[in-house]
Amino acid sequence: MQYSWGQRVVAYLVFMVMAILVVIPLMAGLLTAFKPQIIWVSSPPIWIFTPTLENFEFVFVQRQNLLHLRNSLIIATGSVTIALILGVPAAYALARFRFRGSKGLLQWLISLRMIPPIVVVLPFYVLFQTFDLRNTHIGMILAYLTFLIPLVIWMMRGYFVEIPSAMEECAMVEGYSRLQALRKVVLPVVTPGIIATALLNFIFAWNEYFLALILGGRNTSTLPVATATYVGRARVEWGNLFAINLIIMVPVIILTIILRRQLVKGLSLGLVD
Amino acid sequence: MTAPTEVQQASIQTAAFRRWLYRVSQKYVHWFFIAPALLAILAVAIYPIVYSTGLSFFRVSFDSRERPFVLLENFIWILNDSDYRIVLGNTLLYVLVTVSGAFFLGFGMALLLRRITVGRNWLRLILILPLTIAPIVVGLTWNWMLDPLFGLINWILPGLGLPPQTWLASTSTARIVVMLVDIWQWYPLVFLIMDAGLSGLPRPPYESARLEGASNWTIFRRITLPMLRPVILVVLLLRTVDAFRTFDLVRVMTDGGPAYTTEMLSMYLYRTAFNFNKLSRAGAGATIMLIVIGIVSALMFRFLYREVERR
Amino acid sequence: MMKATRLAVYSLLLLVLTVGFVSVMPVYAQVEPFEVTDPATGARPFEGQELRIINTEVVPILAYEHEVFDAAYVEASGVNLIYENYDQGALLPVLQTMCAAGGDDYDIMFVEDGWSGTLEALGCLEPLTPYYLAAPGDSHPEDYTLRAFGTVAMHNETWYGMPTLIAVGMFAYRTDLFSDPDEQAAFQEQYGRELTVPESWDELVEVGEFFTRPDEELYGFNYRYGAPNNILFDYMIHFGFSRGVDFFDADFNPLFATPEAFDAAAFFTGQDFLNLQPPGRESFQFGEVLQNYSQGKVAMYGTESWAIPLLLDPEASVVADVTGFAPIPGWRNPETGEIQRQLLSAGPAYMVNANISPERKRLAWDYLQLAHGQQFARPMAEQYGAAQRISLLSDPELVEQYPFFPALLVAMNGGIGRPSEPWWPEAENALGRGLQALLTGAPVEETLTAANDEVVQIVTDAGYYESGAHYVTVEEREQFVCDLFEEVNVEHSEC
């Protein structure tokens, strides 16, 4: 499309403004992570100071948040991986095979995402107690699957629908079984979609707070749960809080940077649903 | 031909059996694909869902170990509670404003991105950042920014000639501010998806429209919008469902105050269950909430599928 | 007498004696005497075992306690402490969920005084009396004031926990401002009297007015209005109680629609009073008011005792070395001219989970008697100025180091506990929101009467009026504590 020079300038300006609106709060907050306690909050805000790592030391050593980091990593990657393994074939089936109840099943699966976590917390707890799953990673992963699998199925189905079934049929004519056709022909095409799905689900699992709070234990407390402990009744420990925030944000941002091309490509693939 | 021997007869029967098995498995092959996922969900989700729906029909609370059956008592109480109505109204308003705000802003930014040639990827990256941050963190960061005495915003305002505001303290501004922060966090999602949608649009219709001398606006209205319809509906559905469940962000910023102006449904349910100890009342409230969301999303779903069939 | 009759009489006598004896025996299960850890003798009967605690470090004192008490206990006993820290808002749901499901994931639980009602109803709290009787150790429950112990460590008549922290209201003020000669002169000129730390409400307003200078970013004082329970507490602690307001009367009728209540509420939420506080006050909760004071923005501040170490810590407060403490201003009775003072006291205790095994319960008691016992409390007081035991608050050496200790002891002796019924949070919410509505200009009498009626409805729904439940007054609570002390054979000066 043709755009006038004026339109381009306006566009750049708007983007600059929006970018500033994004960057300033984040940077200002994160600077606080390096401030000593006495200037966590000050009026007027202090920008020049000698940075210190004491907040990080407090957070990792005294409060043992390294443990929380480990738990977050295990639970997030574990649940996303299993959600993909279970959800991709299911999405394929729902995309390719028109059987009775396929639409109803799809709608039911997606409606699972609408459940407010508060109400499922007690039954989950009882379930965990019965099967001795409390304080285990596998328990948390199972709990997260309830919310992740529907999203995986929904998104992946959209991608599979985009791809003409002629592709597998060609392969099957050549002698491949359906599974082999799926693996060798379809999956490579749909890989950006898988990556996009995985990233969005990872963000959800990584940032999830409520279920991790109630169902977690010493071995399974995740980073968001740890973050909340710095909101004390007496005062918010801003420096420690932003130190942990930094830790929470960094992996997701790095992943997003690495995967940005696939993310965009993946999302543009499966938007017809 | 001689009559088949016993061994031959046996192998014929096995072959027939194997053929039958193949035919059956082909017919029901889809279930093999779906079964693992379905089993996992059934195992983990069914019991909690049944339990929590059933919860609404009993009187379960954290006050006692008795759980008497009271058919509709919880529903009647909740529907009569003026607080519940206020909260429902707050939530609907919140969903309406934040979803449409995020939508128009995100869509607008995606369209504007078309006009930029240099540095597209970097801009995309920066703009996506709020999406990747935990809602708790977003809420706390903005709390800090908006603090009346120590916040950055009130420090900048005098420089612009405006008086410092008590953003989260007054009934008129608290709501608006919280909704703005929500939009700040989620418009990048709309931006990302719409941007991807726009990149995926085919060229030919645009070229022929150009040849016919159509204006930018006509092209947008007649070509871009209709092609993007499915995408738009997906994005709206996704955001609507999530906006209904907003909890972390608002709770950490205002905790429902001042005077219940920012109290959301999920916070109200949390309070009822864990602060007031009335677990089954919360269950009834949640069931009603599910029905409302269900209706809204079923309508959107219908619309969405109708479009696809037509294509 | 005939043989048969004699037999009948004797068996009847035996029956009566047995019944009488059984009804007099303590209601708890008996616990056999057992050995507890004792640093003096070096006894370590629980060495190598694990103890699981669920806790919150929502205020720094709790973190200090963890440092001092738990470290000392681990060294003395050889027990392995497994410690889980939650934020305070999340701790109650976790406890409620666990108790409702009969879980035994933790041995020791951090329980705020307001939570003991619901946890007791869920059958989660283990009475401590049998354990004390079996092995008193270093616990010395008589070393707490009656009111404090009754509110924090007991729920009505049963002893469930050892106090970890007793929160009473205290008044913090800027010694530099009050002792500055220029300020004193200016005040004398403007108000015709000497500049002193306010003791009554009128003095509070005068001094507050004097120190409210928005251009210098200094304000008179700072109270909490931001959340229903915050505003209710500040209202009660600082104004309601001293004016003669109380939560309930003996029959659980709420007392928020009385003339005294209206008077105190109008004062507390009046525009004149609000104007002496920093902007944004309507949304302030605990954290913001502490932050405002410790950054030097207010001259005076109604605080709670657990915040004191924070206010005195030079790394956390820019006004650490110019902060003094005094009793909270009270209401001057116009007829007698006396100043009435009455406070709220509250606080958490460590309680034992009733769902764990008997051996673990003994281990839990061992922790409570020593880690929260008398000898370890002293280093805590010396290092951080945090003390709740009578012996420490009246120790001459410590008083010299921390001059506010006597005021704190007076406050602890005068504190009224808040209700700990399971439905209390709902009532508290209704009352708090009523008060918050006053900030936006709603009429005092109507709003508070409506809130009062809501509480009546809540109490009715809970069936309390029907069953004729009785609200434990503060004197009765003292009596409960005295009865307990009598049962366990300790002496207390106030009984």
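Letters are used for the chains, namely A, B and C, taken in the order the chains are written, and counting of residues starts over at 1 for each.
Quick note on the criterion: contacts are C-beta pairs under 8 Å (C-beta built on N, C-alpha and C of every residue); 3 or more make two chains touch, one makes a residue touch a chain.
Just so it is clear, the model here is predicted, and its values are computed rather than measured.
Interchain contacts join each chain to each other chain, per the touch definition above.
For the pairs A-B and B-C, the count of C-beta pairs in contact is higher at A-B. The distance from the centre of chain A to the centre of chain C, with each centre set as the mean of the Cα atoms, comes to 41 Å. In whole angstrom, the spacing between the mean C-alpha positions of chain A and chain B is 14. As a whole-number value, the distance joining the C-alpha centres of chain B and chain C reads 42 Å.
Multi-chain contact residues of chain B (touching two or more other chains): 147, 149-150, 273, 279. Residues of chain A in contact with at least two other chains: 41-43, 122, 126, 228, 231, 236.
Residue positions 93, 100, 217, 291, 295, 297 of chain C are each in touch with at least two other chains.
Of all residues in chain B, only 61-65, 147-150, 164, 166, 168-171, 174, 254-255, 257-260, 271, 273-279 touch chain C in the complex they form.
If you check the complex, the residues on chain A that touch chain B are 1, 3, 7-8, 10-12, 14-15, 18-19, 21-26, 28-29, 32, 41-45, 82, 85-87, 89-90, 92-94, 96-97, 99, 103, 105, 107, 109-120, 122-124, 126-127, 142-143, 145-146, 149-150, 153, 158, 178, 203, 206-207, 209-210, 224, 227-228, 231, 236, 238, 241-242, 245, 248-249, 252-253, 256-257, 260, 263-269, 271-273.
Put simply, chain A touches chain C in their complex at residues 36-38, 41-43, 63, 121-122, 125-126, 129, 134-135, 213-214, 217-218, 221, 225, 228-236. By the touch criterion stated above, chain C contacts chain B in their complex at residues 92-93, 96, 99-100, 117-118, 121-123, 217, 226-227, 278-284, 288, 291-292, 295, 297, 422-423, 425-426, 429, 433, 436-437, 439-440. Of all the residues in chain C, the ones that touch chain A in their complex are 56-60, 82, 84-90, 93-94, 97-98, 100-101, 103, 105, 217, 286-287, 290-291, 295, 297, 306-307, 310, 314-316, 318.
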